[in-house]
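Listed after this line are the structures, all set down as structure tokens.
Two complexes are shown next, each including subunit A; its partner changes from subunit B in the first to subunit C in the second.
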Partner chain A sequence: MVANTKEVKENDICVQRISPEEKRELNFKDDICIGCGICEKICPVEAIDLGDIGAIERNEIDESKISVDEEKCVLCGMCSSACPVDALELKLDDKSIKEMDEYPQLIKSAEIDDETCIYCKACETACPREAITIARILPDRSKLVTGEIEIDKDTCINCGVCEEMCPADAIEMEHHLPTSSDPTISSDINVNKDKCVYCLICKKSCPVDAIKAVCRSCSYGEYDLKPEDSEIEGSSFIDDDACVNCGWCEEICPVDAAKVEKSYAGELDVDLEKCNACGACIDICPCNVLSFPESTKPGEIVEKLKKDENFCIYCGACENVCPVEAIDVKRTDVKFTPTKSKSWKKQLESLKT
Partner chain B sequence: MRFVEIYILKINISVINTHGVQMPKHIVSGLKYLTAVELIRDGLSQKEVAKILEMDRSTVSHYLNGRNLSWNSIEVAEIITKFCPRDFLTLTYALLDNSEKTRIIVKTCSKKEFQANIEESCIGCGLCADTCLMNAIVLDDLKAHIDSNWCNGCLMCRDVCPTNSIKILEVENGC
Partner chain C sequence: MELKVDQELCLGCGNCVVSCPVNASISPEAYGGHGPKTEDVIMMVENGVVKLFNEDKCKRCGTCPLFCPTDAIYLE
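And then the complex of A and B:
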């Protein structure tokens, strides 16, 4: 008879069933799991149990966020299809069912269009999962200004006033202590042309008028500057393992370069009467939807909990973790690719509440 | 034609012992003999039968002429073929320890016909396909499909199905 084997390694779980015809392998990655419990709800054989995710998230206990009973699991793959963050993956003969058309897939995506992106890094900063990396190459500062500068080293008394005043740290002096053979305090003074912005502060502050400088952009406009020299180049990268398609990047992008499609739609209701402001939901929410409001003036009484439902993926983790049942997450829609299997369709639709 | 529920019986191993044939390979010879006879009756040549059963052609010829074979073995083999489908299949598989030959022998010697149906509640977990010793089940579009021609009615698939989606009935002809 065919029997399942299970291997648990650092909270990751692997359940396998190997027959002469086929190898089925279900992998669970604990670090990707957000503790939403959708797998527990969709499992047709009740093989999955959600752990005490509140305690796990707060590092009070060290165990897997879910447990899989290998005696019950039939390796059907429904948990793999419904997981909103791909923490579960079923492979048939080493090929993921996420690459197979016959298996329904959640419709979800997060993309940044590099053509439109201006590499401002707002999304990188806002992403609650630190899933976005924006690599940008800034233009050469020297190509954005034009001018001339010269220090008359014979007149210069090496006082260092210009060096101290320069806002761009463009003046470099060779300081040393005077000796009888060289009774000076600096052996050389130079302007780093890559740094100088021709602001003329050095010229104006020099006590002996040893600096001759002129800003050409001021006197003649910017005719000898090339517009292409001021372009910022870069590239964006979204880590699919970490991304939960919450939509923060789309919301914050000033040029609409980020587009996010969510699998689940619904409603998030918080009963502020019941809420005891323990913060468990804030800790577990993968999307930074929930927060404690800050008072804006002294003595102001704020609400216990604030929600930015825009960013909610309706995963239900907050509802699971709330100790006083103050949170109600309703899922009104589940978007998935078409499937011929009526039982799969029915089971996915059953996630609607 | 009518369809009836299948009943599973337990093997009465003493039947085998009372006939004084205990060696597995003797029983296997008996099963191969019965299979060879059926296949010849179906119009196959001795050469083809030898190939299917992975035997020498001369051995097939000896078998068919009743040589190199004890009649007790054939009697015991006949009793085994009349066991309930699951016992016939599992015992044959245990004796041969070879999936392909077990399939041929059971399909050829089984006189029963079955009608297998899979309901829409099937989730395509493939447990039935992995369990079926007759390799009669394949998955297509997240649903199992049973080839009734190869089904021998052992019901092991029905027992492992997590969603109770498999219905197999025996076809009784002439009723």
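And then the complex of A and C:
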């Protein structure tokens, strides 16, 4: 039998077996791995060991989050199927088993509907993995206001009050030092009509009443503005490599444009008696589920740890990293696509606790 | 990977002793800043420098190196 070979490159691992019949290749991407240890649990031959993920996540040591024993690994691909973030991938003759219907796939998704999205960027800000990018094109400000403005340059004394007061930076003066031939402090003053919002602050603040300005919207309403000019255009993008399907985007979206489906369901229990608030679970959690509560007044003693279980994917990384066994993650359901293989089904079901 | 100390670098501040979650479980007074009352803990300050008493109890969570001001305690 042909032996497996292993290559480790910048903490990424590749285990390969090339026989005359087929090429099998298991790839592990360390930067995608969340340290959950599901691969270690599902491996039928105990070829995978989860590393000291607490120290690794906190940058104390630079090594792979998992190790794969290539002598034990049979390149079956169960780890690839169960990995909640696709950090592990088995390829058969260069084709991923994640693209093969014969292999069970975890059911998970995260989508943003661009038809509904209003491009507010709340999801982009909330996403704990920085997986979301919202690109938006804002309307032209000058098309959302209407009015007229004129500076009477003969009356203007070039004092610069309007330039300093203008909230839109729309007034531009050409300052210079006075000379005997030109005893002024500015040679010109102009209004940039693309920037002006006709707020009339310049008119009200001008000490010599040199500015004539009117806001047409205030006087006559918005009859000469086109509603389509105020539309915000944009697009959304979710980086599947970074996304862990935690559901923050779905929770925070004000218009229900984001939808997330999670593979695992369960319960997250924290024993606050045992917890010593080291924060390792907070650092490892890929979903920002765990945090230190903030006190609301000086001297207030708060709980050691706070959880927002809504966003939990029940991966178990926090349980693995806790040095005092204060965390218990129960998995009550694993959603995967149908498979004819009883052993695969049994192995995936075994992830339930 | 093991927990190690470099006593030359240690200032004896005790940050590692009181931040260690395992220490706090073994000797609850360590949680909150007091010195542990038993040598069953992982590490303690003795004669002004940190000393490992039970490094085998370390779960390598990486908390103590986060708080050490001089990198005197580390995982290797």
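Quick note on the criterion: the second predicted complex is superposed on the first by the 353 of 353 C-alpha atoms of A that agree within 3 Å, B and C clash if a C-alpha of one lies under 4 Å from a C-alpha of the other, contacts with A are read in each partner's own complex, and residues count from 1 in each chain.
Heads up, the rule we're going with is that a contact is a pair of C-beta atoms (placed from the backbone, for glycine too) under 8 Å apart; a residue touches a chain by one contact, two chains touch by 3 or more.
What you are looking at is a predicted structure, and each value in this text was computed from that prediction instead of being measured.
A.B. asks: Between subunit B (first) and subunit C (second), which does A:Val214 come into contact with in this model arrangement: first, second, both, or neither?
C.D. replies: neither
A.B. asks: Examine A:Asp52 and indicate which partner it touches, taking first as subunit B and second as subunit C; both and neither are also allowed.
C.D. replies: Only subunit C; A:Asp52 stays clear of subunit B.
A.B. asks: Name the contact category of A:Glu60: first (subunit B only), second (subunit C only), both, or neither.
C.D. replies: After superposing on A, A:Glu60 lies in contact with subunit C but is clear of subunit B.
A.B. asks: A:Gly279 in the overlay: touching subunit B, subunit C, both, or neither? Say first, second, both or neither.
C.D. replies: So A:Gly279 only meets subunit C here.
A.B. asks: Looking at A:Val321, would you say it contacts subunit B, subunit C, both, or neither? Reply first, second, both or neither.
C.D. replies: second
A.B. asks: With the two complexes superposed on chain A, say which partner A:Leu225 touches: subunit B (first), subunit C (second), both, or neither.
C.D. replies: neither
A.B. asks: Touch check for A:Cys14: first (subunit B), second (subunit C), both, or neither?
C.D. replies: It touches nothing on subunit B or subunit C.
A.B. asks: Does any part of subunit A touch subunit B in one structure and subunit C in the other, and if so which residues?
C.D. replies: Touching subunit B and subunit C on subunit A: no residues.
A.B. asks: Under the touch definition given earlier, write down the residues of subunit A that touch subunit B in their complex.
C.D. replies: 1-2, 17, 19-22, 24, 44-45, 74-78, 102-103, 339-344, 347
A.B. asks: Spell out the residues on subunit C that touch subunit A in their complex, using ranges where they run on.
C.D. replies: 1, 19-22, 24-25, 31, 58-63, 65-66, 74-76
A.B. asks: Give every residue of subunit A touching subunit C within the complex, in rising order.
C.D. replies: 52, 54-58, 60-61, 63, 274-280, 283, 321-324
A.B. asks: So in the complex, the part of subunit B that touches subunit A is made up of which residues?
C.D. replies: Contacts found on subunit B: 99, 120-127, 129-131, 135, 141-143, 162-163, 165.
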